[in-house]
Structure formats: C-alpha cells, structure tokens
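Reviewing the structure listed below.
Going by the order they are written in, the chains are A, B, C and D; count residues from 1 in each one.
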C-alpha cells in the first residue's frame, strides 16, 4: 500500500547508490522534481533507464549520479544534442558512463516483459541491424511454429520506478491521463515505485481517457506541484519549449552547467 | 523537399510521423490535398490534427487534437509491428546505396564514436514494419556514403532478398527525397538511383554529393516546382508554430 | 476507414461460411444482436473464438453455424452448463464440433500475438497441465537468457472480429468504457472488424475511463440498440440475470431450443 | 466452509477472486475483519467493493465500485503472471492428493468425455502465479480422487520439486477447505493431510469421502464455529444479492 511521503524522504529511503532506476514519462509527465532530488542527495553509480534521456538524464549525468544508461533516443527533442550526455560518452566527464542502447520498441518490450513476470519477450526487431549486435540483452531465436527469425529481449525490472502523474487520493491511488508512454509498464515492472503528483485530493474525480494505478502497486506518493517542469502536465501546465531551447546554453559548457546545478538544483527543494 | 514529400501522401493513408521534416511534410499534406490523412506519432497519439507544428514528439497539442491516445507498447506492438501503417517517414545522418540508415554513431568504432548521434528511437521499427518508407534528408557527401558506419534501420540490401530473409512484411524504402532531387530503388537489386532533380539542380551536383557511383535513371525527370498554394500553406504552418 | 452499415449488410458482406470469427466481450458488451444475425443468415462451418462461449455461442452452436470452437471457459456464469455446447460435444448434435481449448491467459495471448503482428508470444503457463498436451497451438521452449521453461502460443488472427460498444461517431470512431476484456486485441488482430453500437452520435463526448478505437481500424459500424442483451452495456442497461437463469429451461431440450430460435431469432431483426 | 475460508484472509492482502464461493468468502472477509482486502476479478476489475454478490465475473456492480478496470491481457499478464497477487481461490470438480485440480472433463478420454465441464478459465494461472492458493470445495468421494482425469491446474506433485522445475514463483495450494474440514499439504512431499474437522464431523466420514488413503495430522483440531457476527454478515450479503 502506498505511503504518502515528502519527496526527499522517498528518495532517501527508496533510492540507493548502485540501484537501477527508471524515471520515465514520454515527453509528458517527466519527473524533473524527483531527478533534482536525486542530484541534491548525491546518489551515485545509478543505472538509469529511459526511452528518451531528455534533459532530466542530461542533468543526472552531468551531476555525476550515473554509471550506466539504458536508452533508445538521446537528444533534446526538436533542439539538438544533449551536451552532458555527449561529454560523458565522448570524453568521460564527469565520469565515464556505460551505454546500453535499444530501439524504442526494444526498451519498451524489456519493460513489458518485466511487468509481465516473464524472463523475456519476443518481437520483430533488431534483425539485420547493428543494434542487434551491440545490445547485450537481445538474442535471436526462430518461431517454433513458422520458423521465422525473431528477437528475444530480456526483462527489465528496475529497483525503483519513478513517475509523475496528475493526482493521487489519500489512499495512494494515482490518476493519469494524456500521453502515458510506458507508465503502467514501469509501475508493474519495478520493485519499488515512487510517484510524484501535482496534487493530492480527497477523492479522485474520474477524467475522460484517464486510468488509475491502484495504491496496491505504488510504494510512495509524493506531492510535487510543477514537478514535471519544463516538460508538461496535461490540463495543468504546458511544455516550456523556450526552456528546452535555452538548455544548450546552460549545459554545453561544463562550468556553466555546474553553476546552473549549484544555483537552480542544490539550492532548491523541488 | 518538404513540398515534394507532401505530394506522395494520399488522402486516407495512415502515416507514422517523426518530429521535424516528417511532421512538416505530413501536416502540409493534411492542409492541402489530403485532409483525412491519419497521423500517428510514436508517443501513442493516433489521428492527431495539430494546428501548430509540434517541437517535440509528445507535445500536448498532438494529444488534445487526436482521435485516441494509447500507450507506447500499444503504438509499437499493435499499430506499427501489427502492420497497420501505410507509410513511415525517416531521416538520418548517413544513408548508403541500399537505403540503410544510420542515426547512432559516426566513426568505425561504436565504443569510440567520432560523433555520438541521438540513436534509434522508433526508426528501426518504422523501417521494418510500415508498408512503405519515405526518406527525407539533405543531400550531402557526408551523408550519402558507400556504407553506413552503423545500421540503425534496415534498407534493401546488399542481399537482394534481405527483407524477406528477415521476415519483414513492409516493402522498406520506396523513395528518398532530398533538397537536390528524388532517388528510387532498383526493383530487383534494391540499389538507389536518381530519378528526378529539382528545378535548377544539375545531375553533376547530385553525383558530387554522393560517395558511391550513383546510377541515374534514363527517364530522369524534373520535379514540379511548389505551387503558390503549397508555399502559402507551408509558410502559414511555420509562422504559427 | 469504417463504413456505416446495417447489421444485416455487414454480416452478409463480411462474414463468410468457413471463416474464423471472434465475437468477444468479457461478460460486458457481448454482441448478441450480431450473433442472432449470423444465425438468421444461416452461416455455416464457422470457427468461432471466445474466452467464455456464454449463451451467444451456445445459440450459434445449437443453430448449426459452428464447426470448431476456440474457448477457455464454457459455462453459463453463476448458473451452470451450456446445454447446446455440451450436446454438440457429447452427442454431436446438430453436428459434431471440434474443440480447441485454452486457459483465459492462453487464448488472450493468442489474440495479443495476433494484434502485435507476431507469429507467437510467450507466457508462463500450460506447463505441467494436461491442457498443454491437448492444445494444438502451444509449444514449449527455454528462455534464451535464463533457461527457464516457457510456453509459446501461436498468434490468432480471426477473419472477422465482432464487438459491441457504447457509441460511434459519423466517421466511425468507436468509444468504449467499462470492462473491456480483449476488445483492443480483437480489433487489432482481426482482418475485418464489425462493431455494433448502442448509438451513433455526431461527435464523441469523452467519458471517464473510456478509450476510442480509431475508424482507421474498423471495417463496419452498425447501429444495434440493446445489441448486447441479455448481457449489459455500462451506463445503458444492466445484465439481465433472470434471462441467464431462464436459459437452461429454453435450451436443455433440443425442441425447446429450436422453437426458441424460430420464435425469437428467425422472426426478429436484432 | 465459507466462514472458515474468509478467516484466512488478512487485511490489505490482494486476493484473486472467482465467482461463487470464492467471491462470497472474500466479500465476507471484507465485511468483517479485512475491510481493506484488495479484490481482483479476472474481468480486469481491480479493488472492487461490491455491495451485492455478483452472479457473473464481469457484473457491472464489480466495475463501478472498483479502483480501476483494466484489460484482460493486463490482468493476466501484469497482475497475475507479474506476481502481484497474494492469494487466489480455486474450486474444482476433482482434486487429487497433491491438490492438482480438474475443471475440464470427467472420464479417461479427453475426446470422449463422460462429463464435459466448463474448462480452465483463469484457474491454471491462479494456481501457478498467486503467492498462495486456497481451494474451497465440497468434500465428496467423487471429487477427492487418487488421480485427476485431467490436470487443469497444477498442484504440488507427484514430484516434490514439480513447481520449481516448472519455474512457478507461487507456493501453490496451502489449504483445502471443505464442508467437512481443512486439509494442508505436507511441507516436504506436498501430499494433503487432514488437519481440522468442523464441529460435529467425524474423521471416519472424511476418510470415507476421500478415494485415496488420507493422512490425518496427529495434531488434528476442530475449527471454531461461525460467530454470530460472521453468520449475520453472510446472511445479509446473500439476502441482498
């Protein structure tokens, strides 16, 4: 059953150095407040997983929290490169990081297998690509019925799944609507689940196209208003596209990035 | 390039769209000759009708104007792998003569890349599963290489039966549209050949910007210039984004 | 793109003798009107698939439409046996039927594989059971990562998927809420999709917890008010439990069943 | 039988519920000592709190009082196979000494059954994946057989390591509650033994109703009779359904 905790408590209690952590949210509902709390608490040697590392992992990597990254598309959408990510890959700064690289479908299906309690699942993909040769958790097999070549991807079960949602109720049931990405899969695949929410309400009023994650599947719910900024929360606030465009200026240079972290993350509380 | 790309789209088609040029192309078509084009974005957005061009693949604008929003597993497994998409649009940092694409790393060693690119995203599945794939990219000698450094998305060769060996249902790349002209694959061996140039472009220029000895179609044509309406709609789309 | 058709037109045009047909709906939204139309049109040699055959397949079997049935639980829920189903299995009346029997999870995953464009998918199931020995579309394999034993189930792609939903709009977009069972999977797995709806509206007003099937994935939409009776449609009408309790009296005896078909199905139009 | 079954459920547990006795048992517990029992029905209904007892597994009442309603693939793959359920309830037409269950056919030949039963439904996955399984059924000589005619759902043997060989994560059946008493498996070999009888039931009667030579626990106990509260709640539940 979900506990209601302050974000700092939840991160301190449930995110350990060396953990595999998935902070997901496909463009929508990216848990930036939780990412900043991880930076503030100086977590180290994390393996982090995300389809689109986005600015949130650029920040975690630049702050030295990350030892290994699982991902499938590592850019600043519509803007260009993630400079902290590239600096770590190309120059090992602030420390070298290992890459485990997938297609969106491949990493998604690693979560699906993990959520399904399976050791692996199958897909048509990776066949004929160089990705299929470098990805460590991909094998090939033949369909036992038709003989067709298939890819098997290994289940991913993060130690901690961290997500952002619109609302939770007092019992810890969490309500989400809009683009949901791999929200359900990360909840069901992860050993512990932290969900930050825009607001905690007495009772959830259902919303068109929404779904509810029962408290039963959640470890901690943490209030974090504007906790997805500069990404967006449907029906709460819009994506701050200007901020995404400003990020290269704040992050291309190592010193500029460090002073941004010092001024905007370490001092803050969310 | 954008205008020529948009002309390939027929009304009622389902079109898997990435951000950037593909999104502009598809929305140009939707605002001109193909109002019922069914746009699918990889964030799980089905039947989106954006008024502005989105900056990111998961913009709120895409979701709120959509017929339906589904999860990422559903869009990749049911819609894309399930064979529901007529045409997918791709771009890349490198393309080779068989339309294999690289969006991962530049340089011979994956582990010591000269340039680290964003990576695969949805591209490998778009290349594998859409009924047809159209590639749109700038035509430069750095991009049009004899062999890509990394095969992110599978094209049409070198083996002629490559796709059927891999069990892919989609036909793969049927057209490469660049700022210089249009390339199409040889129906037998899959090698790209130049079939059209844009008005004012010399064949010589295209050959210079291609690292492999590019075949030129004997029936080489010149593309129609953008109409006033096409240009007006495009300017309007860009201005409100 | 979806066509708007009368149910009789849709069944006549898209259901052929010998087809594999899935009329689904997990207790909720069972497409009885479409089933009755299939009986009226005298379709023959159908392979029919459904997790819970329920009264709808009891009727199709008794009326002689069915050559083979794929199922996972064949009872009258909370009441007892399906007598037409049992009479066909045990005595071959009105004609012998072949069985392909699964667990709910097994048949569900056959649809999931079909919807996913895969030749098969994997699950932990069938292992150690007699079901695993008799089911023709189940094979066993070892996980390529862990060596664990797994079951592979073959994809099922019905020729026609037939479903009932709350609403559709003029364009053929279909809106569903409440218990959805394998609705999405049958839509995506089937070559042709017929959806009967309670009402056709100008524009869909979104409803809490709903989802929308784009017209792109639907072949024909047919108006069929009360088309799921005696099952139910959430926010339209309740399950007619008394009717389920009355069914044994109408169906246990062959002659009683035939006169019910003659009086209640052949004469009707829905 | 219903009352004894309900006592095993602890508050806050997740419980996978079938229609009939399991549903009555779980709702009795929810209305007495375990108000926060999390009920999951195979129709995809999560956290249901029905006021009436449902006739069918997918009754509207179950969905409208639930925390969440998910698809059938999601409930079977993510919730059940995903190992999220503490306890599952099963019943059967036949049970053997290792608690293998048959709900498929009676008779030695599957293709020429003496009696055609409803089939598997969700039972094989409940038996495989729930952390624990409780079986509730009437204790008759026809049902308690030496060997089931058909293994619909896997129990605890004959091989002692059967479940780990099959890779099942759940412990399997931990208790069989009947109208005569309670059976539990031997922790080593998995064979069921009689551990309790209901007030007024003789051991002799239980042995007569069991086709195999049933072991009797040396510490055999007598179950507590239903309390007035338990009976009142049960009557109330049944009366409004």
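Assume a residue touches a chain if its C-beta (ideal position, glycine included) is under 8 Å from a C-beta of that chain, and two chains touch if they have at least 3 such contacts.
All figures in this text were calculated on a predicted structure; none of them were measured in a lab.
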{"item": "Selected pair, greater C-beta contact count between A-B and A-D", "value": "A-B"}
{"item": "Rounded Å distance between chain B and chain D, as computed from the means of their C-alpha atoms", "value": "55"}
{"item": "Chain centre separation in whole Å, for chain D relative to chain A (CA means)", "value": "39"}
{"item": "CA centroid of chain C to CA centroid of chain D, Å", "value": "28"}
{"item": "Per-residue overlap in chain C, given as positions that touch at least 2 other chains", "value": "116-118, 123-124, 148, 150, 184-185, 209, 211"}
{"item": "Shared interface positions of chain D, touching two or more other chains", "value": "77, 81, 129"}
{"item": "Chains that touch, pairwise", "value": "A-B, A-C, A-D, B-C, C-D"}
{"item": "Touching residues (chain side chain B, partner chain C) in the complex", "value": "12, 14, 36, 38, 46-47, 67-68, 70, 74, 77-79, 81-84, 129, 169"}
{"item": "Contact footprint of chain D on chain C as seen in their complex", "value": "26-28, 51-52, 71-75, 77-79, 81, 85-86, 89-90, 101-105, 108-109, 111-112, 123-131, 134, 148-150, 178-185, 209, 232, 234, 238-239, 241, 244"}
{"item": "Chain C-facing residues of chain A, complex", "value": "116-124, 137, 139, 141, 143-146, 148, 150, 152, 154, 206-211"}
{"item": "Complex contact set, residues of chain B against chain A", "value": "19-20, 42-45, 54-60, 62-64, 69, 71-73, 76-77, 80-81, 104, 110, 113, 116, 118-125, 128-129, 150-154, 162, 165-168"}
{"item": "Partner chain D, residues of chain A touching it in the complex", "value": "1, 115-118, 173, 184-185, 188, 211-217"}
